[in-house]
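Here is the structure we will look at.
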Amino acid sequence: MLSFVFRRFISMIVTLWLIVTLTFFLMHAVPGSPFEKDGKGLNEAVAANLNAYYNLDKPLLVQYGLYLKQLVQFDLGPSIANSSDSVNKMIARGFPVSFQLGVVAILFAIVTGIALGVVAALQHNRLIDYIAMIIAVVGISIPSFVVASLLIKYLAVEWKLLPTATWGTWQHVVMPALALALGPIAIIARLTRTNMLEVLTQEYIETARAKGLSPATIVIKHALRNAILPVVTLLGALIANVLTGSFVIEKIFAIPGMGKYFVAGINNRDYSVIMGTTVFYSALLIFMMFVVDVLYGIIDPRIKFHGKESEG
Amino acid sequence: MIVSDDLFVPMRKDSASTEAIVRPQLTYWQGAWLRLRGNKLALAGLVIIVLLGVMAAVGPLISGHDYAKQSIISKNKGPSDMYWFGTDEFGRDVFTRVWYGARISLFVGLMAALIDFFIGVLYGGISGYLGGRIDNLMMRFIDILYGLPYLLVVILLMVVMGPGLLTIIVALSATGWIGMARTIRGQVLQMKNSEYVLAAKTMGAKPFYIIRKHLLPNAIGIIIVYVTLSVPNAIFSEAFLSFLGLGVQAPQASWGVMANDGLSTILSGHWWRLFFPAFFISLTMLAFNVLGDGLRDAFDPKSGR
Amino acid sequence: MEKQETLLEVNGLRVTFKTHGGEINAVRDVSFTLNKGETLAIVGESGCGKSVTAKSIMRLVPEHIGKIAGGSILFKGKDLAKLPEKEMREMRGSEISMIFQDAMTSLNPTLSIGEQIMEGIIRHQKVPKAEAKRQAIEILQLVGIANPESRLKQYLHQFSGGMRQRIMIAIALVCRPSILIADEPTTALDVTIQAQIIDLFKSIQEKTGVSIIMITHDLGVVAKIADRVNVMYAGKVVESGPVRDIFYNPQHPYTKGLLASMPRLDADRNMPLSPIPGTPPDLFAPPPGCAFAARCDCALEVCRHYQPDETNVHSCHAVSCWLQDPRAKKWIASTQAPTGT
């Protein structure tokens, strides 16, 4: 088990390094410095000073080295558009909000998705199954921002049940979380259903029935346990999905999360912010994938005891 | 039970019937086509896609308007006889723009899917076929690439290359081929070691023949399904990028750009500016997803339905 | 033959399966009894209905897939065919147990062995965990697994094939059922392990007095362990009787064919094996007469049109074959007359 965790950890570090490097060189592949671009109308002397301040006049590799050094100290650099602000501070402001939203969306998606998938599998080929799968396909097909727009239009504007936008109370969380969760719910439901259907045909389910166990026990303790494993592996991708989806959702609902800074950075071509937030997001994602891998290892006893030969 | 005595004589035999197999057999493709035909939903998806394609081609031509022509007096008018889908804030006809945008969105979707297909099949096919250390190396490379957050890389590329149709396609294709490569490689590996290929080899078949007659037909099913399912993904990504301001530039319009522009109308009440592009994005994605699912079930009936 | 106590009585059992192509008559009018403490073997080819019969005794086939279309299954004063599902669940695992062919796929890979044994105990006996654990250890010892205490926490993949089969037997026996149904328990095992498992069955029967229904297509296994044998073909029992009678005095052409098709060490190596030609009939539309007629060397016209009655060759040995009818015997005698003396 320990060697498994260790290997994943190394993998994580390598990928992270790769992303940092990729981001760095991509950002610097743009010709000219951010101060000359967009015609900010700075005079030469000021531009030169700013370039020096941000180390932009040094050779590329040196800049790279400096950047790595910064990163190891968890310093993501200053904002170029707004010199009094730093990326770290932006993250400190925005992340808690995004985190809340993300966690709610993911938990909701997991619970609802699994429940929907199980119900559909148990009622295989009957009406509920059919309806659930239609909902699932639609859920995958309608982009989150369309869902968001619909939700705002009806729940907020027409029926005035929830606030239109911004952040603050639990009511503000409902619509954005719903919009973010719909896609993942659909994916989880479909996967759970397929897995459940397959598991239910397995012979150990018949053994469980031959023991006289109640249907509930069989479904939850025997079938679901095995059907869920692949969903856990999906978890990493889903977290990525929710994370990137949050950019757009936060924009639509004017939520003061990290997405706001990221999108603003893109629009302002504030390379420092773009780099900084990208690195942060990537690190977060990669770390989550690592956690999910370890989780999977714990749940599946075959990995837990990886390496132990069978005895007797 | 009364049974007459004269029945106790030897039975007339008809040996052919004892070995006959009762039901007629179907070829792989016949079976797949039959199953697809029975899947009403998938067929509906196919019809919708064809219709969308037709409209994309002729839509801008039949409307009588130009997609870029602005008209101050006709600003923000709702759907009417003259403007079937209404007008936007610059007085441009939404109907024309929707079908003009359809061309772009569909084009992006299909191109990205096709490029993914080519790169993926080549990479995966070579890796699987060569096997051994080269395969290991190539897969390692993919594993690392796979760990990179897809959309973030796309966004980065877009920022660097500047927005535009070409950059969108390049950016989407840059990481999308990985899934296809993996799948193809898996297929090739499985088939390489399968018994029917071994049988063909022992009968002296040359590699090219094996590829043509055995590997390809079996892989095509998977490839078709994969390509079909990558289209909605690409369309979604394009719309997503547009929402972040990284879509095609004005006056060109893709569905994503139009939807983004139309966002503000939720409150202003000019619903048609958001509704039509959003509706068609969803419809297209739905159609492709449903068709892709149907194809998957048709080619592999054991896949869970 | 001493009068034995009848434990299970199956009368006229019929089971049909609903499929896209129509209705399959998997079990067509099967009747037999199981006596206390004996081992009954049910033999036949794949698809003859032996597994379905066994599963139907425990009502393991889901209603919407296969239903019991007729007949009764009498056990301890109840008709299992008509018992409400809830009561049936009480029976399963505690009064009647079943083990399946492949222990690797028949046991849950993500639960520990101990958990899988104990859940049955707790479910039926409602005892605390410590007591369940004690019983689990006891049963593992009974089936011959060393160090049972430490092995309770282990998982399926940590055991060898033979051990897995023993575990499955342990799970089935832990609540001391009256009947154990074993569906092809040795088919997936190596020959040497097979012998061990057969011996295990015998020793368990000695120790606990459980009655066993053994389903198999392997006549060697039957010879080693069975007291009585039912031979099934195309959903019906064609011959049944004590094991010695079946082996040394088979009456039905199918039984004879089965015995003759077994490769034997003492046979002439140059002689070809003698399989039974042809394939079993399509159960969508079973023939009106004897289902084996198309493949039978001795078939008579009557076999094509009418199902044979059951005749008793001995007190316990019964056959369903028209060749038993005196008129058939007359015909056979008449054809042999010129060559006989």
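Which chain is which? They are A, B and C, in the order written, and residues in each are numbered from 1.
Following the convention adopted for this analysis, contacts are C-beta pairs under 8 Å (C-beta built on N, C-alpha and C of every residue); 3 or more make two chains touch, one makes a residue touch a chain.
No experiment lies behind these values; they were computed from the predicted model shown.
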{"item": "Selected interface, B-C versus A-C, where C-beta contact pairs are more numerous", "value": "A-C"}
{"item": "Per-chain CA centroid nearest to the all-protein CA mean", "value": "B"}
{"item": "Where chain A and chain B are represented by their mean Cα positions, the distance between them in whole Å", "value": "24"}
{"item": "Length of the line joining the C-alpha centres of chain A and chain C, rounded to whole Å", "value": "54"}
{"item": "Separation of mean Cα positions, chain C and chain B [Å, integer]", "value": "51"}
{"item": "Touching residues on chain B, where the partner in the complex is chain C", "value": "1, 3, 5, 7-13, 15, 17-19, 22-23"}
{"item": "For the chain C and chain B complex, residues of the former touching the latter", "value": "21, 277-279, 282, 284, 293-295, 298-306, 309, 322, 325, 327-328, 330-331"}
{"item": "Chain A residues touching chain B - in the complex, by the definition given at the top", "value": "11, 14-15, 18-19, 22-23, 26-27, 29-30, 137-138, 140-143, 145-146, 149, 152-153, 157, 164, 193-194, 197-198, 240, 243-244, 247-248, 251-252, 263, 266-267, 269, 274, 278, 281-282, 285-286, 289"}
{"item": "Residues on chain A engaged by chain C in the complex (per definition of touch)", "value": "202-204, 206-214, 217, 221-222, 225-226, 229, 299-302, 305, 308, 310-312"}
{"item": "Residues of chain C touching chain A in the complex", "value": "58, 60, 89-94, 97-98, 100, 102, 105-112, 119-120, 123-124, 145-146, 155, 157-160, 163, 168, 171-172"}
